[in-house]
Amino acid sequence: MSLRNALLASLSGVLLLGTLGAHADTLEDIKARGVLTVGIKNDYQPYGYLNDQGQNVGFEIELARYIAAELLGSPDKIELVPVVAANRIEFLNTGRIDLVMATLGVTPEREKVIDFTVPYVSAAGASILARKEAKFTQWEQLRGQNVCGIQGSFFNKTVTEQYGIRLVNFTALPEAYRGLKDNRCVAMAFDDMSLRKKLEEPGWEDYKIAVEPYEYLPMAGGVRKGDEAFLEAVNAAIVKAEGENKLIEWERDYDMPASEYIAQRAEAARSASE
Amino acid sequence: MTSRSEALIELDGVRKSFGDTEVLKGISLNVGKGEAVCVIGPSGSGKSTILRTINGLLPVDEGFIRVGEHRVHELRSDREMRPLRRQVAMVFQQYNLFPHRTVLENVAMAPVQVLGHDPEEVRERAVRLLAKVHLDGKESRYPGELSGGQQQRVAIARALAMQPEVILFDEVTAALDPETVKGVLETIRELVVEGMTCVLVTHEMRFAREVSHRVCFTDHGRIVESAPPAELFDAPQDPRTREFLAQVL
Amino acid sequence: MVINPSYEQRKRLLLVGILLTVIALVLVDAARGGSAEWSRVIARLPLLLTGSAQGWPITGGFLLNVVMGIASMAIATAVGTLLGLSLLARRRLVRQPAFVVMNFLRNAPWLVVLFAMLYLLPYRLTLLGVTFEFSPLAKAIIGLSLPTAANFAEVIRGAVQSVHAGQWESARSLGYSTAQIYRRVILPQAFRRMIPGWMNLYALLMIATSLATVTGVQEVVTLLRTTLSMESETTLVYFYLAVLAMFFAYCYPIALLARRLENKTKGDSL
Amino acid sequence: MFGLDFTWLLDPTYQGWLVEGVWITLQLAAVSSLAALVIGLFGALGLTLRLWWLDALIELFVEVFRNTPPLLQMLFFYFTLTQLGFTIEDPVTGLQQPLFNAFFSASVSLSLFGGALCVEAFRSGLDAVPKATLEAARSLGYGRWALFRRVQAPIATRICLPGLTNVLTNLFKTTSQASVITVPELMYAAGQVYNDTFRTLEAMLLVLVIYVALVSLLSWALLRLERLFAYPGYGQGV
């Protein structure tokens, strides 16, 4: 009887899966290995992207290198692993990487599965990209409408639950943009910074940011749960960088608008160390 | 009739069922060394089943079977059966030659691979046996290239190559064209004359009469009558035997 | 059915004709201004085929699909043989679990198995002091090989069971052990009948390698999707057709050969 | 236990996504199976006409769809048809809207893919009707159409049922690929859930079990059908 067999098989499959991975002390591990493995973005200006020479650069990359220098003595004792929204938590929790520094917003859901470092940037959440003639300006006005999005965005659930928006979620960003251009959706919901960058490209003259983000949220690094010693070491490094005004420098280096948030944190870091 | 103690094959009270149908309802039969016994009877009377219980291809539900010193009914696994099967060869209605091996290989492979005999010696034996069944010159052919009668004679040579004490023949001419039957029967007749112990299930009444020392008539899972051929064919005792013979002769 | 001998020939002729017409149309299109689109496809062809613009080394693209297909098939053949022989085992304790595993893997969609493997296998696994690294590519290969193995097990079972029961009887009467019967009698005959099924499975697997795009492996569909974000909309159709043609050109001959062999072995049962 | 956490299943939003996912998967499978059967039937009928050019065209259709990835076929139908002008003007906004939404694109693509497999299944059924049976019927004076309707088709349908079971279960499994073109079926729902909860393994295991259960149910039902229609003593265990 195939049905019973199927259930049996699935049960045994579930039982066979113990917990895999589970590292004890990352700080010890990386010191033994002599290399820090960090998950970063490579398609996300200004935080992490490839420059013309094909090198990984960006605001978060600078910070990651700084941390490597603090922990291991050299900014080059680092392995950069490109990640995307949908796999970065998985990469971390299965041990592929030790630290995520990939535009990771601090949300309660994520807090349940990983530990956050101290936040280092406050970024805008999702905004709405639509054709110039679009009339809506509020999230609430999009109730029941088809809006293109991306699988794995943190705001998907909120947007569906709170604003009743029907998200049409693509797996890849280019396809979502194409969906919008093909008028499969009235608008596209995505990270504010990316959408603004897209508007600068040719072919997007007929579009605008129609709805502003409904929230700002701090971005932080992520480490595995319960990895106290490592978390403390990383936090110490970040605070040290803030105190040395490094983040303000990088902000300038990568053409980011000067943010009050970073300045405040630098101030706080200095006063704490005094 | 052969007495029990001298018998090479001894069956006593053998019963066998397939699901709800009882095919053998208590078969008792003795076959002496050098004896040729024919089993005849209507189809479905259990003739082929009797043969298959003798070399353990079918396990029995009840009863006693002995071949030489092997107590077949007590053997459980294939592993325990193997020494028995080396003494009891079988020839099938559908020949069951190995289609991926040449005629010579068909005859020679089992003695080498199962009995562990010297390949050179077995080869010579196989060539001799093929000549004996009048198939010299066909050694390197494949079974698919031979007629049914020729294939059946290869099967007999294959059985002989194992140097068995008994050969079981299961309706070996039933699938053959009439013109090729003769050669096969001739080969079997020669074996009987040489003193090979044979148990034959057959529809060829004339052949049974000529070749066998004793004929058993089976009906509905029982041996109804067992007698030398002259007696059984000319003066059958049981009404069922008479009825059957009236139909087929 | 009586077949007019020229029937098949006429049919073949038409198919070849259609193929030539398509090629001619592409060429005409290339000659008349449509060539802009095709030249884009040709410019990207090394990328789509090998994953690097230079054409070497292979970092992705269609050749990576080929590599994945071959690696998965190798694993699937080994695992599937074990599984298939377990399906034929006389012990219930061996046969039933094998049956459950086979059925489960056969009834699960390839895509879901692939996804499940991606998250089920750890990135690093230390067993007895040996550390195994599972890159997404390795995971995709394993994920693709599992359903293939289950299907191959079924092919093996079918082929072995298609060998006439008389072969078992006669081998057993000759005193062969079960292992010997498999090795000397059954498998040599079943082997011929397995080959078409094995090849068909390979063609199926090759097609399924496109699913690895969901695991982020840089195979041809992934590259196609990224490439399209850089190309203008009008080239879309051309790019898709080019990649569809790649798969067709690779898989169709294999499927054709498999069918020829199948028709050949159909008649050779005893 | 075992580090698996299924507590997210209690969240009504996730439940809603998953239930809708199963429902859409069933719809997609039903629509494309029906269409595939119709395509397969017409294709096989076309083959019995023994017109060489029709035969060639059907073969072309079958081979193209059988030997290319269904995923790519789906992407093709979803993205390029709009490009080729399959659009419709929205009466309100005056914008060109795609004629085929994701569900429709997936259905069309799956129907064609499944249809190609069905043609093959029906064809091999027709081929497998013993020549001797057909000769016997012809010698009894049956004409071509009567022969097909009264003898060939009834036997062929029964012979091709196991093959058809394979095709339909295969098609059902292939519906999971529609998630890539945003059809909110089961696989898509699972993606939504685990991207939110990060319980990837749990979500994938759940979906795996659901698919295996559904496909097992389908093949079991088709097996029953096969047994129900079988002619006693004919074509079994060969």
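Lettered A, B, C and D in written order, each chain numbered from 1.
Convention: a residue touches a chain if its C-beta (ideal position, glycine included) is under 8 Å from a C-beta of that chain, and two chains touch if they have at least 3 such contacts.
Quantities reported herein were computed from a predicted structural model and do not represent experimental measurements.
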Farthest from chain C in C-alpha centre terms, which chain would that be?
B
Chain closest to the assembly centre - both centres taken as Cα means
C
State the pair of chains with the top count of C-beta pairs in contact.
C-D
Measure off the straight-line distance from the CA centroid of chain B to the CA centroid of chain D, and report it in whole Å.
54
Just how far, in Å, is the C-alpha centre of chain D from the one of chain A?
39
Approximately how many whole Å separate the CA-defined centres of chain A and chain B?
80
What is the distance in Å between the mean C-alpha positions of chain C and chain D?
19
Scan chain B for residues touching two or more other chains and write them down.
none
Specify, in ascending order, the residues of chain A that touch 2 or more different other chains.
2, 5-6, 9-10, 13, 17, 90, 171, 175, 178
Two or more other chains are touched by the chain C residues 103-104, 107, 119-120, 214, 225, 228, 233
Chain contact topology (line, ring, star, complete or other):
other
If we use the touch criterion from the header, which chain pairs count as touching?
A-C, A-D, B-C, C-D
Of all residues in chain C, which touch chain B in the complex?
164, 166-167, 169-178, 180, 184-185, 188-189, 268, 270
Touching residues (chain side chain C, partner chain D) in the complex
1, 7, 10-12, 14-15, 18, 103-104, 107-113, 115-116, 119-120, 203, 207-208, 210-211, 213-214, 221, 225, 228, 233-234, 236-237, 240, 243-244, 247-248, 251-252, 255
Using the touch definition up top, name the residues of chain B that touch chain C in the complex.
55, 57, 78-79, 81-83, 85-86, 88-90, 92, 94, 96-100, 109-110, 113-115, 144, 155, 158, 162
Sites on chain D touched by chain A in the complex
2-4, 13, 79, 82, 90, 93, 95-98, 101-102, 179-180, 182, 188, 191-192, 195-198, 200-201, 205, 208-209, 212-213, 216-217, 219-220
Contact set on chain D toward chain C in their complex
50, 52-53, 55-57, 59-60, 63-64, 66-73, 75-76, 79-80, 83-84, 131, 134, 169, 173-177, 179-180, 187, 200-201, 204-205, 207-208, 211-212, 215-216, 219
